[in-house]
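Next up, some structures in structure tokens.
Two complexes follow with chain A in common, the first pairing it with chain B and the second with chain C.
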Partner chain A sequence: MIGTGLLKGLAVTARNFAGSFHDPKRFVTTQYPEERTKLPEAYRNFPFLVSESADDPMGTLRCVACQICEKECPPQCILIEKSSDKKPDANGRMQLYPKIFDIDTAVCMSCQICVEVCPFDAIKMDQVFEIAATDRFTGLILDRQALAKPDSYFHQIRPTEAAEVEGRLAEGRRAAQEKARAAAAKAAPAAPAEPPAAPSAEAAKPPRPPA
Partner chain B sequence: MIPGAPTGDTLLERAPVLLRDWLVGFLPGPARWAAGSLLMIVAILAVFGTLFAFLTLAERKILARVQNRPGPNRTGWFGLLQPFADGVKMLTKEDIVPRAADPVLHFLAPVALIAFSLLTFAVIPYGRHLVPVDLDSSILYFFAAGTATELAVFMAGWASHNKFALLAAMRALAQLISYELPLLLSVVPVVLATGTLSATGVVAAQSGWKWDLVPRWVVFTPWGAAGFVIFMISALAESNRSPFDLPEAESELIAGHLTEYSGFKYALFFMAEYFGMCALSGMAVTLFLGGWHAPLPLLEFIPSYVWFAVKLLALLLGFIWIRATLPRLRIDQLTRLAWKFLVPLALVNLATAAFWSLSAPWPGPLQLLRWAVALGLVAGPFLLLSRGLTAGLRPRVYRYA
Partner chain C sequence: MSLSPSPLFSAPGPQVRAVSDEFHGDLLEVSMGPHHPSTHGVFRMMATLDGETVVKLKPVFGYLHRNHEKIGEGTSYLGSMPYTDRLDYLCSMTNNWAYALAVESLSGQAVPERAQYLRVILAELTRLLNHTCLAGFLLQDCGASGTPLMYAFREREKILDLFESLSGSRMMCNYQRFGGCRTDAPPGWLEAAAALVGGYGAFLDEYEALLTGNEILMARTQGVGRLPAALAISAGVTGPMLRAAGVDYDLRKVDGYGFYPRFEFRVPLGAHGDTYDRYMVRVLEMRESIGILQQALRGIPAGPIMDPKARLRGFRAKPGEAYGRIEGPKGEIGFFLISEGGPNPYRYRVRPPSFINLTILEDLCLGHSIADTVVILGSIDIVLGEVDR
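This part shows the complex of A and B:
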């Protein structure tokens, strides 16, 4: 009969109206600036640079200025300038570091390709989405000071991925140390083997590289 | 026209009239009549202006709740200051008049619209002693003034010199004229049964209770109930409300006849829409829901204007509820509903009302027959016509989706 559908529809809206007052499952709005929802771990927007220590972010950047991300970046929002000197990296090897590392977040499309291609796990995706600026030309370009965030922050926002990266880095360090030890043994076969206590202890616990 | 202060009612019932007489009493004799009339106009503007402001807020809150959102809640307690924020926004916005528009008509349209929709408030009996203008043919006057708003809508569409505005104005005209007919035809039985064209007369005819329990309101008769439903459907269309808001169908016509209006002129159109809705609801209360009469004898201590307000608000909330529920009709569905369904039903309803009036003196047992015949006269045509309306219509089958 004509009209029954209308009544059914009115019943549906009435149920929703009443339900929004007592059923939290229906009423899902979060009052944003005051309340916040927990972001999913995989949420990403713009990249940041991982530094080993929070105290000296510029001295402990994992980035070695290899410029792979700069070349791979589809919208070309990364600008890197290599340093002229070298500093020891996490594995104790002497490496270049970025003198300039800028990301234009107005251009970045959050594709995460820079993260995928980085062989040093030096660039990761951040979760900070409140980066509004009053000047769209310079305000949205983040330099390396603004981009650098400590490894502990990475562990905090993305524990699963951070643990995986941690394991990989520890593995790399262990391999490097074993290689160094083998090379040392080869160079001095006659000499008695040095006690490997210090390096192995270092390998068990991922070391913080010297500043 | 200022009748003397009424006596014999509770103080609360007479309070508005006493207040007016007290204020007017400060003036010299000849100015009292004009001052009293002016005071009534100011009171209507203030009451319905405030009602409009908070109705927009209530509408937004209720629509939001139906969609499981909180609605506006940033301005003041529960967003109560939102209407004032909106008002300030509307007042401070730039008023743009298109270069190609007719400047006089473009300006005149919102003014005429708001004027005509305010005119309709003059004759509604808001309470026992609260009738601004008690005309002998106030129902006729009400619908004449209400119909004149169509002129203003077309004026707006034509003067804007915009194809969307003009198309919307044509649509609005087609819709308003189509629905004017069932609207008036649903009122005719009330006039026929009560034998008066005066709104106060209709309200007086609905006084009293059957067995001291059931009010003698028109809506509690078979033809009255049918007429009420037809009236409310037509009122939805007359006030351009969803699901009949075709003249402002955003997806097709931008904002319809409001496309070229901004700032406070736009707000005036908006206000006129709500005023029209309030006026039609007020008329529905007057004609079908017993006006300002209390539903039960023991509730009569509550002043009559409170009962009118309660009924009016209930109808307005019904409008909002319907808006929250129903999707917009297509133009052919809209006109078909009016011409092939509502108009015939309203005509049959007229016959039902005539039968009801003639069979009033039937003795006891025949009253049951009277009810049966009247209900049959309401339900039979409804079922037959609805079958005709939905013939050949079935859920759409998507073959290639």
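This part shows the complex of A and C:
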């Protein structure tokens, strides 16, 4: 009979309408900004730079200005300028650091390829999404001061990934220490045997502390 | 041109002629779009009308051209992956898979079993998402303002939540990699997916109660925009459009890519090739997708998700040509790559299903009223990001 399909459809609509008042399964709207949904841990939007300490973010950036992310970034939104001097990193090795590190978030497409290619775990994806600015130039081009966030923040937003990264870094530190110890142990017996008249290349370096 | 009598409203009486000879006026050219809400984006139809009947229709597109293929030749293989998300922005997971398949056949990487299962699960979830949205949009185009579309979007949001907790983004997933998937499913994800799949059948039942038997939908879609099988084949139409015309051609069966030969499913076919068949084929495909998902979620093994030999930095494919294609929700999505062994492809070409399905728009619309062109366009299922690239 003509009309039964319509009536059946109307019954569905009526059920949904009535259900939207009492059935918790149908309460699908979140009243943002009063209510907020919990972001999943994997959620990403824009990158940030990890610094070891919150007190001196510029001095403890993990980034060594290798520029891999700058080259791999598909929309080319990263600008890095290397420093001319070196600073010790967390392992005590002397490394370059970024004198300039800018990300144009108006261009960034949140693909997280910079994070994947970074061999130093220095750049990670942030979860802050309320970033509207009134000026599209100064407000959206983030420099290294604006990008730097401490490692503790990374642990807070992504505990699982941070634990993984922590393990990897600890492994790296241990390997570096072992290498340094092995080098010291190798250098210790060799040093006395070495005559003080070293080749000229060695002489240019500052004198080694006596073993 | 007479109004074809509907089987439902075949009231006796004189045949009404849409255009009578006495009142024959001038032809009217109407430019629908590019900013028309029913064209699903920036798409334009130059329709020539005799009364309300379409006598000529010229599709105009390119308003959303983003130089995708040329950019693909300049960026690294990995760098093109997030751009493929933006082709058909409803189905980023299947776009990712087709591109990864093309690169994998160039580089000869093997994909671990768990990643293959995850890919099937994600592709079928994408199919559910796309077809649900399409049914909503089609009804919106018919004039059912709001209700079916909102029901569809309510369910779509649940799938997008799954995508977000897996890949970090709702729509721009950027999830597949050459030789596997980027991250493993977080704890509880597979259970959440199984719960969603378990409840999807009930949603489809509700949705079909709302729509499938609806007399207005039948009157608007049955016999409208009939696509003959011969035309569909000669125009290269693929996907649900082709199967609604009665041609049994599904790449999941034909190519058997991924792990699809391991799953049992049927390929629904249409009998008339009209708009109603295109709607029904998609609903039935969703039911089959649920079956595939249940099998895949039951059988997914533990293990690695990436080929251990896969390299992210400094990836170079072997010289040669490769074409990777999969059965996307809209049809055959394919990527053609020529590699010279460098870090980026020499040639990068996309075969977008909705662009090729759109080429027959005029054939479908001729003789129908201008209001029907909107419904026909809605049933073709286009996304302008993919049509214009």
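Points to keep in mind about this one:
Note that in this section the second predicted complex is superposed on the first by the 188 of 211 C-alpha atoms of A that agree within 3 Å, B and C clash if a C-alpha of one lies under 4 Å from a C-alpha of the other, contacts with A are read in each partner's own complex, and residues count from 1 in each chain.
Heads up, the rule we're going with is that a contact is a pair of C-beta atoms (placed from the backbone, for glycine too) under 8 Å apart; a residue touches a chain by one contact, two chains touch by 3 or more.
All of these numbers come straight from a predicted model, not from anything done at the bench.
Look at chain A after the overlay: chain B and chain C clash there.
Look at A:V117: by the touch rule set out above, it reaches chain C but stays clear of chain B. Legend: residue contacts after superposition of the two complexes on their common chain; A:M125 is shown touching chain C, with no touch to chain B.
Taking chain A as the reference chain, the count of touched residues is higher for C when chain B and chain C are set side by side. Of the two partner chains placed by superposition, chain B and chain C are both touched by A:L6. Shared-chain residue A:Q67: touches no atom of chain B or chain C. Looking at the shared chain after the overlay, A:R44 reaches chain C, while chain B stays out of its contact range.
Look at A:S20: by the touch rule set out above, it reaches chain B but stays clear of chain C. Looking at the shared chain after the overlay, A:M109 reaches chain C, while chain B stays out of its contact range.
Residues 2-3, 6, 9, 12-13, 16, 28 of chain A lie at the contact with chain B in one complex and at the contact with chain C in the other. Note for the complex: chain A touches chain C at residues 2-6, 8-9, 11-13, 16, 28, 40-44, 68, 72-74, 109-113, 116-117, 119, 125, 160.
On chain B, the positions that touch chain A within their shared complex are 62, 65-70, 321-322, 324-326, 382-383, 386, 389-390.
Residues 8-9, 75-76, 78-83, 85-86, 147, 151, 154, 157, 161, 164-169, 172, 174, 182-183, 186, 206, 209-216, 218, 312-313 of chain C are the ones that touch chain A when the two sit in their complex. Here chain A touches chain B in the complex through residues 1-3, 6, 9-10, 12-14, 16-17, 19-21, 26-29, 31, going by the rule given at the top.
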